[in-house]
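Below: one structure in structure tokens.
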Amino acid sequence: MTFVLLLFPSLLAALLAYTVRPYRVVVGWANAWLSLVSLGAALAFAALVLAGSEAPTFGPSELLRADGLSALLMVCVAAVAALALFFSPGLGRESQYDGAQLRRYHVFVNLFIFAMLLAVSANNVGIMWIAVEATTIFSAMIIPLALTKASVEASWKYILICSVGITLAFAGTVLTYLDFVALSGRAENALNWPVLLSAAPGLHPEVMRLAFVFLLIGFGTKAGIAPMHTWLPDAHSEAPSPLSAMMSGVLLAVALYAITRWKVVVDAALGPSFSNQLLLLLGLFSLLVAAFSLVIQRNYKRMLAYSSIEHTGLICIGLGLGPLGVFAAFLHLVCHTAAKSMLFVLSGEVLHRYRSTELERVSGLLKVMPWTGALFMSGILAIVGLPPFGLFISEFALIRAGFAAGRPGLMAAVLVLIGVAFVALLRHSNRMLYGAPPEGVAIGEIGRWRIAALFLSVGVLVVLGLTLPAPLEALLNQVVKVVAK
Amino acid sequence: MYADLFSQLTTLGSSGVLLFGIALLCRRSLHTFVDAFKWQSLVLAALFVVVGHFGHAPELYFVAVVFFALKVVFIPRYLERLARRVSAERESEPYVNITSSLVIASLLVLLAYAITRPVVLASQLPTRGGLPLAMGVIFIGLFVLISRKNALTQIVGFLVLENGIALLAVLGTFGIPLIVELGVFLDVMMGFLVMQVFVYHIHDTFESIDVEQLNQLRH
Amino acid sequence: MKTLFLAMFIAYGLGAFAALVGGRKSFGRWLVALGAVLGAGAGLALGATVIATGIPFTLFFPELLPLGGGLALRLDALGAFFLVVIGVGAIPAALYGAGYTAAYKDGRASLPLLGAMFNLFLLTMSLVTLADNVLTFLLMWEGMSLTSYFLVMTEAGEERTRNAGLWYIGMTHAGLGMLLAAFLLLAGGAGSGAFADLRASAASLTSGARDAVFVLAFLGFGSKAGIVPLHVWLPRAHPAAPSHVSALMSGVMIKMGIYGFLRVALDLMGGGPAWWGGLVLGVGVASALLGVLYALMEHDLKRLLAYHSVENVGIILIGIGTGLMFHRYGLMPLAALGFIGALYHVLNHATFKGLLFLGAGSVLHATHTRNMEEMGGLIKRMPWTALFFLIGAAAISALPPLNGFVSEWLIFQSLLGGVSIPVPEVVVLMPVAVGLLALTSGLAAACFVKAFGITFLALPRSPEAAHAHESPFSMRLGMALLALACVGLGVAPFAVVPVLGTILAGLGGLPDTRAEFTMNVFLQTPSAFGQMSPTLMALGLLLLLGLVPSVLWLLRLNRQRRLSDSWGCGRVGQTARMEYTATAFAEPLKRVFAEIYRPMKELTVDFHPESKYFVQSIEYRSEITPWFDQALYRPFLQSATFVAQQVRRLQAGSLHLYLLYIAIVLILLLIVARWL
Amino acid sequence: MKYVLEVAQTVFALALAPLVVGFVRWLKARLQNRRGAPPWQPYFELVKLFGKEMVVSKEASWLFRCAPYIVFVSTLAVTFLVPFLFAPLPFDGVGDLLAVVYLLLLGTFFLALVGLDPGTAFGGMGSSREMTVAAIAEPTIALAIFSLALGAGSTNLGRIVTQTLGNPAAAISPGHVLAFAALFIVALAETGRLPVDNPATHLELTMIHEAMILEYSGRYLALIEWSASLKFMIFLSLLANLFVPWGVATDFTPVALAVAVIALLLKLVLLGFFIAVLETRVAKLRLFRVPELLGVSFVLALLAVTSSFLLR
């Protein structure tokens, strides 16, 4: 029943937005409040999982299932969705989009949220793939809200690279199913994850290695792992900020969730060493690419996009470092989601005020919008991994896991790359925060409610930084139990 | 006899699909491009029926009908309309000329054979002979996507890639579970519609659908 | 003791809260100062009680930082000493700050942020000395760096400050990376990371791992302490910060680097092979010499003092280096002497460097410029500041009655004690170290004659200097406290040395040398190699200083005094342009040490158009840029930008290229999966 | 009782100091076959100066007025530590050789500061050069002390003298001789004698010590002149007693004290003669050649240390 509560509100919101022909603000607010319902459902699932009951399933041949891993992701997706919807364009003050664009935006943004929630709660691996493909299609529709050369180019690249990537992932799924059929014949619920997991030890190792390569490349494209990351900076810098907040914060997390699901199956089939090495290799490469791309950067949205690639790389490395690493990786994922979504929403506010995404033209942010500036600075300090915020703890845990897994050389490289990204990010953000504001920029704060909402996420980050709330720790232990048995 | 007829028919069908894929490479004008794709989808639909009949998988018939409707009737018609509407001039020179792209295609098929050797050994189904060909179609779909500059041809390349995977699915597993199959078709259709809308957008903003101009967003 | 800890915590917390609430008003500024003073006082008391009673104070919060094994706090004697040093440095700085921050009322910097960060900076720094497991230590360490980064960035208006802030936070983050690697190597990966487990697992490490941990810890802590190759942020960040903050950073924060290094090298690892001591000694001597050499050439007052911090850290490292070396050869009393000299110099440096920075701050407050060439004659307008700055200058140049002399004497004696090391080729190193240390103290004296002479004496060289005014009472009070501390520590070392002995007792196997180094008023080194009593010497000097004028007065000699012009070879009217400038003062030494400075000289003479014999203008420019930046950091930065350029080309904008990337990776990985 | 003797010895040294400077000046004049002023001429100058009024520059601060006292007091404090006549001094424990060096540095520090105070070019030039020479001389002094301390097993002056008295063989060991040479060069540099600085001239190019005290007059100039001569006396007696300690009384019988006084006078005359001959022979070095001279003395001191260590 809670599944309905989880998935249905976003569908309802999409329908509502579709029917109300000329877009009106009340629709926006209704959608925002509806998203809180699915957040409640997600939290209910988390509580259910913590209560230790068997994972609830739903639908014909157990279509949907929520175990520890998916419960954690559900909470993340629903939370960021709620945050993004409360900051969607068209709420409150004047917005640069007209009625039709806003209407299209609200329809597809809610469909996008529905697809993500479906992907996370799908028990059937095929349905998960379909949902992830659906996220690409829905989000592609609303990247070019305002038809400019840049947004069209970004959206074309986005739709093409991601669709090609995802289709390769489907090839991987087919190969696994082929191996399953070869092992124990055709079965209707073959693609259900628990069934696949139980059959995994019998699968042929060579076929599973090929299948994992397809899957890793496929979902890696969606997760923004280098060298398949090329669509990410363009898409995130051109999309409207709430959407890019969701894409950067949670869509990458959903793709990583899919990779983790498949990693468990593959590890059961041929032992963890193969998948770990691949993940470490690609993780380190994306960390390298992201860190050095940050050094010379002229657009602050692209800067944030590259920093997402950097953190995806870190999470991949974490996944490849055994149980301790998985714990650190998922803690990192949660912290990164909170920090990055806040930052993208803030960058939207900055763009709205400064009318430009160029770093040169944005300066004196602390004088123009003191509170937003302070939030932006704390966001930057968070993603750069400085103490009061959670990412410092998760990076510490990650590197400790690295040392425990006996890979000091790799950890040294990771530390150096994190250092490069640290200096680059701070140099650019200092340029934006300090100095004299350019003339012609109105001094004045954004809405009080918006700042309060963002302070909420800063609060979450600080709480994660200083302590680890018991429910989250238990949930993460559940995840580790599921992933690195 | 009964089994090898089935496997011969399937290998024949899949080699047909591969042939049309390669034919796709040496087509100049857009119209002939879409035709090659249409014929490829037709052969694939027929293959669905054959596998459905011999492999005693009745739901494959329904899948074949849907596949036929989608990939042979619906998508090519839209592509034609799109081509006319966007008055795509002659296909601009691809990155790789015809002869070298054929050489690369053959190399890719050879690579596909080498890579899918363990898969063929693992699968006991009579239709396992066609698996390397399916992988070949996948690689060729990818190659078309990379080498063609026109947005429309990129969409066709993407669809060829999808055909390759559908072929892999039907040969390897006699059809994946129905819900997933329908979901895939739904995705393919929606994906195609979105890409089609984007081609119009590109045409409006860039006055031509040559993807070469799409390079302002860099670094 | 728990109440003292809570008092400290609450005082700092209230101070920070008061800053955020009412930072701008003067009442708020006093509250901030009060919070800081009370917090520092409570910390001082806590440290003193722990040293006095010898019972370590422990506190454990398992639910905070569960990943690192809980927030574990334990204050043992070593940590307590550094907590006392923080207290000694913080109280005067906070008092001084109340007056000094009034200058920021004009909105140049946000006062609430400055006040809050000041208190948080002190809080995190005190908690660094209390941390007892790896995560707590690193969290407080980076917290200290972050709050001090905000303090450095208070005047973020100028580009120079932002650049300094970036250098500072970049270097400390690199240091943090090395520390993290060192601690995790030490903990052997697993385990909760509590220092007790680290002590146990340190013994079982292979010698290669121990050396790696030592080098990483030395570089990590050295980057914070400001040893030579890693000191480049120090002359940039300290002058940029407000003066009372740079006094704290220079006097106390870089000592946290020393504390950390002692904690890891001596306490956790319990000493190691001889080359450890040799490395520390070598780097110490290099830092001391190069620090003072570059200080000589500076004419920005605060940069000069920052370079001197590098020099004094070098001297402290010399003490620690000799201590480690003796520890290795089992000469425990001499080892204790070396460490005691180092710790004593830590305390002394906190006092006189704090005093000098506060003095420089009031000069800056009065003349709004840091360039010594524009100062002069301030002694007549700012008598108190001049007196305190003179005491500080005398103390740092190790002149007898003051504290600099005592700690330098102890370090000299420990170096002289090196003679009894059995290995001959190590002993040859000792006299060279003695010679270079003596050269450093000589150059330091020359540098501070220049600093004090050019800034305070003779005629004012600029209108600002002419209209300088004495700094308000709170600033003078801060300086007075530190001056008293300088004199007190100089006159009464017999009280301090035994306390240092108790602190070091039992640390890494050192013996309890409480009674060994002092005989009532005298200081003596093991086997009575050197004996001295600063107290009696100070008394003697005072007595004579009183005796001589009174004798002359008794003899009724001529006491008239007449004011007239100073001798100017008969030329009437003396202007400020006739005075010696700071650059001129240091010019002979620049010529002597030219090959170290490698000064860039540039002479442009443009002749009169008509004839070559008449000159229109001659322009001479000579600049000294520390060659570290060129030799060490520039190639590092260039290679980073070069790689960045290559990586940028990856995102070239063409869709086909991106799809090609995916295809290539797919095929490569398939080949890997298939055959490898 | 011993303390009274100690004070007596200090007063004796205080009284003798101007005579030593006067004797050297007289001897130099004689060598340049000039009649020259009698050796006790400095006493007349001191008495004259104490009688005159003090002319103080307008720009000078309070430091200008109290620096002479500090310089004089610091030099006086050193005389309490130096074994002129008898070795185990009661004040020996108060300060060792390092303390002596740093007390002298205290004097030079304030003298240099005061050179800058009136704001004249001469003062600035003098203090800049004085501090350069002092800074470069420091390492040599430290190493000379190191070699002496190595030989005697302690840095305290009394112990060094008694130790060398104990085993005379050490006195002629290479370590001691090299240390003597090094310390001799440094003594010339510190007290402003000819190769480094010309004491007899007021030509701004060649005077270092004189330049700093140019502005002084009256009682202040007397005090500074006296402390300069006292410093010269200290260095000579250090050279004499530490390296050639015979004649220094170890017990307090009147006859031993008489012998000590005669021995001291003899040694001072000898050293004075040697310095006078040196000063007439050698011309003043250019300022930037002085570091090379001090470099030579540094190498000598380093050799002294290594040899005394290896032969221990």
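Chains: A, B, C and D, in written order; residue numbering restarts at 1 for each.
As a convention for this text, a residue touches a chain if its C-beta (ideal position, glycine included) is under 8 Å from a C-beta of that chain, and two chains touch if they have at least 3 such contacts.
The shown structure was predicted, so the numbers you read here are calculated from the model rather than taken from an experiment.
Chains that touch both subunit C and subunit D are absent from this assembly. Set side by side, A-C and B-C show the greater C-beta contact count at A-C. Using the mean of the Cα atoms as each chain's centre, the chain most removed from subunit A is D. Measuring from the averaged C-alpha position of subunit A to that of subunit D gives a distance of 79 Å. Averaged C-alpha coordinates give centres for subunit A and subunit C that are 44 Å from one another.
Taking each chain's centre as the mean of its C-alpha atoms, subunit B lies 101 Å from subunit D. With centres set at the average Cα position, the gap from subunit B to subunit C is 70 Å.
Counting only residues that touch two or more partner chains, subunit B has 115, 118, 142, 145, 211, 214-217, 219.
The set of subunit A residues touching two or more other chains comprises 156-157, 160, 164, 206, 210, 233, 293, 296. Applying the touch definition to all chain combinations yields A-B, A-C, B-C, C-D.
Note for the complex: subunit B touches subunit C at residues 95, 111, 114-115, 118, 142-143, 145-147, 149, 211-212, 214-219. Those residues of subunit C that touch subunit D in the shared complex are 376-377, 379-380, 383, 386, 390, 394, 397-400, 405, 409, 412-413, 416, 419, 424, 427-428, 431-432, 434-439, 441-443, 445-446, 449-450, 452-454, 456-459, 522, 527-533, 536-537, 540-541, 544-545, 548-549, 552, 555, 557-568, 574, 576, 578-580, 584-589, 591-592. Chain contact summary for the complex, subunit D toward subunit C: residues 50-63, 69-70, 72-74, 76-77, 80, 91-96, 98-99, 102-103, 105-106, 108-109, 112-113, 115-125, 127-129, 131-132, 134-143, 146, 149-150, 153-156, 214-215, 218-219, 223, 287-288, 291, 298, 301-302, 305-306, 309-310.
Across the complex, subunit A is touched by residues 57, 115-116, 118-119, 122-125, 138, 142, 145, 151, 154, 158, 161-162, 164-165, 168-169, 172-174, 176-177, 179-180, 183-184, 186-187, 190-191, 194-195, 197-198, 201-202, 204-206, 211, 214-217, 219 of subunit B. Contact residues of subunit C toward subunit B in the complex are 648, 651-656, 659-660, 662-663, 666-667, 670-671, 674.
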